[in-house]
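Okay, structure first, notes after.
Letters A, B, C, D and E name the chains as they come in the text, with residue numbers starting at 1 for each one.
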Amino acid sequence: MEAIEKIKEIAAQAVPAAKIEIINSTPAAQQPALLVDREHIYAVGKFFKEDPRFQMDFCSCVTAVDYLPKADKSGCIEVVYHLYSVAQKQGPIVLKVRAPRELDQCRVPSLTPLWRACEFQEREAYDLYGVKFDGHPDLRRILMWDEFVDHPMRKDYVPPPDYEWEPTPHDDTLQRAVEEGGIMPPTAREELEKAKKK
Amino acid sequence: MIQPLTDAKPYTLTPGSNGVIETQTLEVSIGPQHPSTHGVFRMDCVLDGESVVALKPVMGYLHRNHEQLAERMAWLGSMPYTDRLDYFNSMTNNWAYALAVEKLAGIKVPDRAEYIRVIMAELTRLLNHSCVIGFMLQDLGAWGTPLLYAFRERERILDLYEAVSGSRMMCNYMRFGGVRVNLTDENLATAKDIATRFPRFLDEFEKLLTNNEVLLARTQRVGVLPKELAINAGISGPMARASGVDYDLRKVDKYGVYGRLEFRVPLGDIGDVYDRYYIRVLEMRESIKILQQALRDIPQGPHIAPEVKLRNFKIPPGDGYGRIEGPKGELGFYLVSDEGGKQPYRYHVRPPSFINLTILEDMCVGHKVADVVVILGSVDIVLGEVDR
Amino acid sequence: MDQVYKVAPQLLKFLSYLLGWLPWIGKPVAGFLSNPPAWFLLAVAIAIPILFVVSVFPGIFAYTTLVERKALGRIQNRIGPNRVGRWGLLQPIADGVKLLTKEDIVPRSADKFVHFLAPVIAVIPSVLLFSVVPVGAGLVPVDLNIGILFAFAISTASVLALFMGGWASRNKFSLLGAMRAVAQVVSYEVPMVLAAVAVVMAAGSLSTLAIAKAQGGGILNVTHWFVFRPWGFVGFILFTIGAMAESARTPFDIPEAESEIIAGYHTEYSGFKFALFQLGEYLASIAMAGITVTMFLGGYNGPGSGPGILGGLISMFWFFAKLGGMIVLTIWIRGTWPRVRVDQLMSFAWKVLLPMSIVNIVAVGMWHYIAIRPIAWVVTTLWLVLWFITLSKLAASENIEKREYRYAS
Amino acid sequence: MAIDEGLKSELQKQGIFVLPFEQLYNWGRKSSIWPLQFGLACCAIEMIASAASRYDLARFGAEVFRATPRQADLMIVAGTVTKKMAPQVVRLYNQMPEPKYCIAMGACAISGGPFKDGYNVLKGIDRYIPVDVHIPGCPPRPEALIHAIMTLQRKIANQHLEKGQRPRWYDKNAASEYAIPAFGEHDLQPTANREVWQPPRDYRDVTLEDVKKP
Amino acid sequence: MGFIGKGLFEGMVVTARNFVGSYFDKERLVTVQYPEERVQVPENSRTFPFLVFDKDSDPVASMRCVACKICEVECPPQCIYIVMDRDEKGKPQQRPKVFDIDISVCMQCQICVEVCPFDAIKMDNNYEKSQYGRFDELVEHLPELLKSNEFYNKIKPTEATAVDAKLKADAEKKAKKAAPAAKPAATAAKPAAPAAPKPAPVAAPTAKIAIPDDAPFTPEQRQWLSGYLSTVAASGVAPAAAAPVAGTPAAPATEAPAGNWPWHDPGLGMQRRLDLAKETPIADKLMAAMAQTDCHACGYDCRGYADAIATGAETDLSLCLPGEAETANMLKKLMQEAGKL
């Protein structure tokens, strides 16, 4: 596998309009990723799959990551694709694509037509993170029940109240158990009042 | 007109346009509670008589939110949770998570720990493949005899796990940088004894099954998986190798000390249920070879890298993906750590059995209900890992 | 029936002697019993075989379940039930008590009357089957001269119960189970009957007693068993396979295939109705084993069996020993072989068993008309083996082949 | 009217065994418990191991795992009950004929266990159905399951037919069907079945003083 | 032939051999009849945790647990609940008043045993704990948890002897160091720290309170008692010496009941504690850097250790065991900022 910069040039030549950046991982992991904009991720993926130098025919892992808006950076949901080549036994090429966090604009083109492996994992990303994949053959919820409306793996999701019997409460379970008047050790309730007063 | 069932359309027996009696398909949900779905997995089948017309897998009945819990815990805190992912192979799950974190944080693992990890992983592979064949025979209707023979051997391996790590199924044995408890000579002796005794069990198992005509008739040419579809659908593990895909991570990534051990990777060519059964038998024989080599030249030395801290263990910000060849396929962990470093910002498991189910419908359409159950058995799914 | 007439008066005399000492009702009862009126004698003569069949064979059913669980356990390196009673002997009784005291659920959308009737109809034919099974020398509950015909006519009635049970429960899995049961029993009835025809031709009579008597004689009463004839051995195999398919035992237990369609036609039956279904099923398999023993393994004939009191007792012993052997064989097969698929079961019945049974009938004909025994042996054996090979070649499904596996470079 | 022990032992000497109906029923139900073939997660594997050769549940006459709820008397909830699976579990329990028992095997079935804080995990099955025996552990050893089945047998052995102490399945108006929760937009509706789920109101802290005075 | 073939009968031979073998060959009948015979459970098999105490006569005093709440923080399913025991003046004792483990949630992962610096919690191997009730029967409190060291030696001989040897070795090392009353010996920073807090004579000129020799204490208890009394004596005398330079009113006596230190809560993260103590004097900032568990692993309580460092009496900055390296680096940084180092 060539160095990541060389791969970036090859990809840039192959798909001229694509805006590709390099994001590097932890110093020890040495798995830099290519951040591609939403419009050209399909073209770049198709290139890596068909090009004889790469032949990335095995899409191993598709993950959605929810980045909360920070002081300097605006929040986004990032979908990460790990591509491997079974034919040439080559290491991972990591493609990243970002979409805004708001539910209505959170759309990313699906890569299932390229690799059938992404079918279930993209459905899971839709179910738990709310990323809509355009072009996905069968975009339904896969893990939660169909009537469920929220996207529970987002960082700002608050689970429903269910803290009636908490013999060993700690920090946020303690908070919620006290709010819902659950049954808990009396000393824990006093501790929380004292901490609130301070 | 016959009174319809609750939701089915009324049966009409009027002759169809081409004079054939118009029959009506039967929607059956081989549901979350079924003797042979290996846990809470549901398949909505549309049957025309006995043969399957369409099949939609439905999952999520054991979605225990392992990934969200891991984001609220320290790095070490989610190591015992990895035991509950694929609750047959807790050692290989631990190894996959430890490998991913070591890759992320750049921790060097001493040699003895690597050999111990190989020994434990190969023992888990033996245990998993024999139990899978046992469960598949249970789906085929052999009243538990092969399954209980496999469980008899499994108990022997679980005794060794309990002696080493303290628990039969949930070992929580591997730490970042090595293993928690060193292998005493007595443990090595029991491992050698298992390695010598297992081939005899395998021969008896093969005599009972391999050329059993009913098994041959029920499994050959059933649930055929072509090679290109296997690669495109991300199928990994024995299921892919049964279709001829030459991709074994122990040979591709050469992680741990697999580079120094010599063993062969069996490949099938048709990719039906019988191939998957026999590839697992051959892989068990290869695992025994690996086990014997590892037990022969395990070095002395530390069993864990001393510099790794137990509490306040931090990882520099960034992301990384580590994967191993688990008994069911490629088990990977994609981890993202932010600047706080004490807790994973994103913790994603790439489970082999979840992705191996993608092509269940392609394999089952056209076969009988009895075959659907056998094909699911040969895919070897464990719901803890499918639903995470 | 005639021996029972002789036995009944002595029995009543013995009874009257027994009850004689009772203080105030003893005298008149003893008087009545010593010289009974004709109608009472007839009633007792009828009551004895009924009591025998209704008590012995359900007892055998109860302890077959225990033997089955212990034998399956021993095959799987474990001990079967051994904590209820001395060696688990009270286990069947405990199962019975529990099933009797279970709530009886009838699904709301079920067809109530048919749902209730199905288990009853499942049991009746199985018990009737025992009326023609000769238990000892001359000891047969009803000595019909068309015994075998009656047996087959009755055994097909049990299929009705399976289908009624499956249809009435209005449950998709039981519907699948019922359809499978009908298809299977119908397609295995034909080869079974034809295999029996071979035996009837050899024995020259339909009555089971006559068939059993035809197999007596020879050294130690053994060598004349039909199973030691070439056509008899093939008939035995065909009939056993047909009997196992008839009573849905592994490898043909497709109607209630646990791993595919939950529990087949008795999915919606709980408590006592389920116990009745099990009773019907097991009694059918024991009765079929009894008929197999009668037709091929020489019924009650065995070393020492003869007409007298002692000979009768020994003959009963031999009959029940052979019956036990057949039951253990089905249990052994149940613990070993996987289940056959529905379409394979059908093709096996029509393409292999049926032609073989016709060939078998021709073999019996040849055996009968070739007077010199050794030539008859050679000709029939050749004839059967040749057909066996051609049929297996024809029906062998093309996809079974030996495979070689390569290793990655 | 339970027969008193003195009279019973007296009769026994004469060789007459008096067996009140109650003990016959209990003995029958106790010694042939047929569990429902129903496994959810890791504890189901330990349940199979307890039915396998080494621990052999068959010795108690309980190895007949009936696949259909109609013929089962014991539901062993072995594994995590998620909110998506809870309606199915309650419906299965309703379908079982009446003298039915329930064992909550493993930490997940009792209280949600290690996955307690998950959004899709029900914090224990006794929010919807009455549970007879609880086995803590994750997963509990096969011996612990056999010990639990023996505890259940003890509980069945001393059930009475007298008026006051009858189990629930003898009186007409007691519930044998439990409300099946419906899938809501955020959670199950209702979140718990109040007749079955009654946590104790008073929670007393056990402190060092209880250690000092035994 | 379609079905009847060699393979089927080979299978029948295997099952027949197993059936016959089960009567003769031990290998073919592996059943262990549970209530009568029991499987020999290997030594380090684990089910639920329990607390170890040393002397039967007085379990409360000889309890090893010092309620430092490390296990409560590290337990993955959060099923441990500890309340520190305080005497009537509010001064933290080194014992848990309440120590509950909810065994209906515990996942038996023994991480609490691994992270406990005082070997106070160990794993039992009793698995017969099935109960009818679910609420209070499945929450184990102190009376059920406390088990003697003999019990620990009985169920896990090799492990117990190793732990006892280590404890004795640490006790001797401290005793040898504490005897010449030199600079407080830095206990080895390795995670397994000694159980009894070492007696660190504070530089302040207080007479070491001598314990009469005939008092019925084991050497190890003697160490602990003297350490404890010295801190009491030190706190009584030293408030003046600890007056910080910045002139804000000296914090009340170091042993004063928990003053109004908003950051004195082990649950808060290091960053939050430092923000709370931003404008306070160096002593308070140092205290904010501690792990706030008052576990006396460093020989003082958090306040005392911070004051000792501020006054220069204590130079070793890595004594805060629960805080580990994080607290040590923060202390070094703070001291550099304050120009003291």
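Following the convention adopted for this analysis, a residue touches a chain if its C-beta (ideal position, glycine included) is under 8 Å from a C-beta of that chain, and two chains touch if they have at least 3 such contacts.
Just so it is clear, the structure is predicted and the values come from calculations on it, not from any experiment.
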Set of chains adjacent to subunit A and to subunit D: B, E
Most distant chain from subunit A, judged by the mean position of its C-alpha atoms: C
Most centrally placed chain - per-chain CA mean versus overall CA mean: B
Chain whose mean Cα position lies farthest from subunit E: C
Separation of subunit B from subunit D, taking each centre as the mean of its C-alpha atoms, in whole Å: 31
Centre-to-centre distance between subunit C and subunit A (centres being mean Cα positions), rounded to whole Å: 64
Chain centre separation (subunit A, subunit E; CA means) in Å: 38
Centroid spacing, where centroids are CA-atom means, of subunit B and subunit C in whole angstrom: 44
For subunit A, residues contacting two or more additional chains: 143-145, 152, 165, 167, 173, 185, 187
Touching two or more other chains - residue numbers and ranges from subunit E: 2-4, 8, 11, 14-15, 18, 30-31, 33, 76, 78, 83, 97-98, 100, 102, 105, 107-108, 135
For subunit B, residues contacting two or more additional chains: 34-35, 60, 63, 65, 68, 80-81, 145, 148-149, 152, 155, 170, 208, 212-217, 246
Chains touching one another, given as label pairs in label order: A-B, A-D, A-E, B-C, B-D, B-E, C-D, C-E, D-E
Parts of subunit A lying in touch with subunit D, wherever the complex brings them together: 143-150, 152, 157, 159-162, 164-165, 167, 173, 183-187
Residues of subunit D touching subunit B in the complex: 37-42, 44-46, 48-49, 52-54, 67, 79-80, 82, 84-85, 88, 92, 108, 114-115, 117-121, 138-139, 141
Complex contacts: residues of subunit E adjacent to subunit D: 30-35, 38-39, 47-48, 59-60, 76-78, 83, 85, 95-98, 100, 102-108, 127-138, 141-143, 146
Residues of subunit A defined as touching subunit B within the complex: 24-29, 31, 33, 57-61, 63, 65-66, 80, 82, 86, 89, 92, 94, 115-121, 141-145, 152-153
Parts of subunit C lying in touch with subunit E, wherever the complex brings them together: 71, 74-79, 237, 332-333, 335-337, 340, 347-348, 351-352, 388-389, 391-392, 395-397
